[in-house]
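One chain, subunit A, appears in both complexes that follow, with subunit B as partner in the first and subunit C in the second.
Now for the complex of A and B:
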């Protein structure tokens, strides 16, 4: 039996000018998981990269637990009311975000992220959005500074075989 | 809406033969894709429970940096190095027999004109002490497109028989 497409490019964006936010909208419910790959640099200021789902701006619906190393020590912590899924550094870096079971309408949504900025920080973050709605819209943003020109964002869908 | 599969194996899986191998290489990597994923199952003949390999890009020997965090079952630590873009952990010859490490190396925009950043996850569980779980961020401050990858045991050991490495390309529209 021929295998179906299981790792599919849904959309991608390359910034032609610096921006503090990008959005993937009208995400189809066709897949089981989503993966977002961001690569690039920040303008002047490093900051947390945050994510809002389905335009839900209520901070109280989000929480995260993280572990990181900065080259000297490693630590872990957690935030309530926080939308962090990565970091945006001035140095070239990448963030890889996996959103599991995004299209079900029964469970809260869990996200697993890896943030990679050699020379600054390496980390992993698990995030929770306490809402059962299927995800159709993802907004990534920084609270300070911008994503610089040339930063890329790719959205992939993983389909069950 | 695009529907084609974009996770494609490049070449064939490298499986180390009975004589072992000092390194594993992928050359002539096409610029057809946007991201690369390298999956390694590795074990070294280095006489320790843990070994590690270094990844070199395009035979470049300078301008690397790396930050890693790792846990060994009792504590977590973090360190940096500038030798290679990443260390890929593997189990050594004194680890539990038949155990192999797993490593996943993700390289976004490998064919672009940007500096090359990588994301690495390595685990060496062997149902004994001295197992590592490692996350790494690597950077090559060089804008050349990546056309070759070479993984060499950092302790001058060899990858043992049945170690494998597979390279995949991810294509976006």
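Now for the complex of A and C:
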């Protein structure tokens, strides 16, 4: 039966100046899933938004499969050795990243993302981190350019009964 | 949380405090299927969040959803999917379940599980057929699939139970986890 409120704000950040990276650290293991909502723009350069977990910088531990429509056609692709979980465009967009079962210590971690960039595309990404560790640290960054001033990042936790 | 974004996979929804509640969660200790029963009618929508790996000897499998024990051909579904190289689309009519998610299966690399989020809208309304939407998929470091899906159960009954089974596999493997939430 219902266990009370289960959708909780853990932390949020609003950029006071352009930056290429933000980090959520010391994430408690008390939830089942995490959700990150990013809303904002790039400064001058569009790029993929990428994610590192638990400070694991080894690109070979990350991969993704994606699908998108850009107003002309639909396409699907795949990257191995790549940390992409979203996109950072000059026009306003949001990326919603669902980090499923982030605190179990038995499975690799898989995330689902949706990128809503109405001036550019709509896309989805499923991403894999090949590590069974519970996630305690999330770093979002762009490989080129910056997140612009005013871009927001919100981290939520969903608890289960 | 004063105001949050109920960030379902399809769009953001503003929620007010205590309007998103955990109803039940099951994590498998051995291969099995899932049934959520005695679901109260006190919410407006339901959301099911899944981590799963099917027993099927392949890298991927579909998750099938049935409501109120109905095994007749009262369901329809559509999908848009990508496999890392091409996109595809498909549909089913008059089938015995909603094809609701795509998850990893037993030939995927060890420890790889698929994930999905499925919303069941207005599940307790007795004047409408019931519609679902979902985003799901898995990545297997060199293979993988991602699916956007919709489904419909052609019944006006309020949903009180949900059964989830693999399309091909006999069950979901150990550590697969299914969480049911209610949205007021």
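Observations, loosely collected:
Keep in mind that, in the parts below, the second predicted complex is superposed on the first by the 158 of 161 C-alpha atoms of A that agree within 3 Å, B and C clash if a C-alpha of one lies under 4 Å from a C-alpha of the other, contacts with A are read in each partner's own complex, and residues count from 1 in each chain.
One rule holds in what follows: contacts are C-beta pairs under 8 Å (C-beta built on N, C-alpha and C of every residue); 3 or more make two chains touch, one makes a residue touch a chain.
In this text the structure is predicted, and so the values were computed from the model without any measurement.
Model built by superposing both complexes on subunit A: subunit B and subunit C clash. Of the two partner chains, subunit C is the only one touched by A:80; subunit B is not.
Of the two partner chains placed around the shared chain by superposition, subunit B is the only one that A:122 touches, whereas subunit C remains out of contact.
When the shared chain is aligned, no partner comes close enough to touch A:50: not subunit B, not subunit C. Within the superposed three-chain model, A:8 lies in touch with subunit B and with subunit C [touch as defined at top]. In the overlay built on the shared chain, the residue A:152 is in contact with subunit B alone; subunit C does not reach it.
When the two structures are aligned on the shared chain, A:132 is found in touch with subunit C, with no touch to subunit B. By the touch criterion defined above, A:70 lies against subunit B but remains apart from subunit C after alignment on the C-alpha atoms of chain A.
By the touch criterion stated above, A:110 is placed in contact with subunit C alone, subunit B being left untouched. Touch criterion met: A:91 reaches subunit B, while subunit C stays clear of it. Put simply, subunit A uses residues 3-9, 37, 67, 74-76, 94, 96, 114, 116, 124, 154, 156 to touch subunit B in one complex and subunit C in the other.
Contact residues of subunit B toward subunit A in the complex are 1-7, 34-35, 65-71, 76-80, 85, 106, 108-109, 114-119, 121, 135-139, 141, 170-173.
By the touch rule above, subunit A contacts subunit C in their complex via residues 1-9, 32-33, 35, 37, 63-67, 74-78, 80, 94, 96, 98, 100-101, 104, 106-108, 110-112, 114, 116, 124-128, 130, 132, 154, 156, 158-161. By the touch criterion given at the top, residues 3-10, 12, 28, 37, 39-40, 67-76, 91-94, 96, 114-124, 150, 152, 154, 156 of subunit A touch subunit B in their complex.
Across the complex, subunit A is touched by residues 1, 4-7, 9-12, 15, 17-18, 20-25, 40, 49-51, 80-87, 109, 111-117, 135-146, 148, 175, 177, 179, 181-182 of subunit C.
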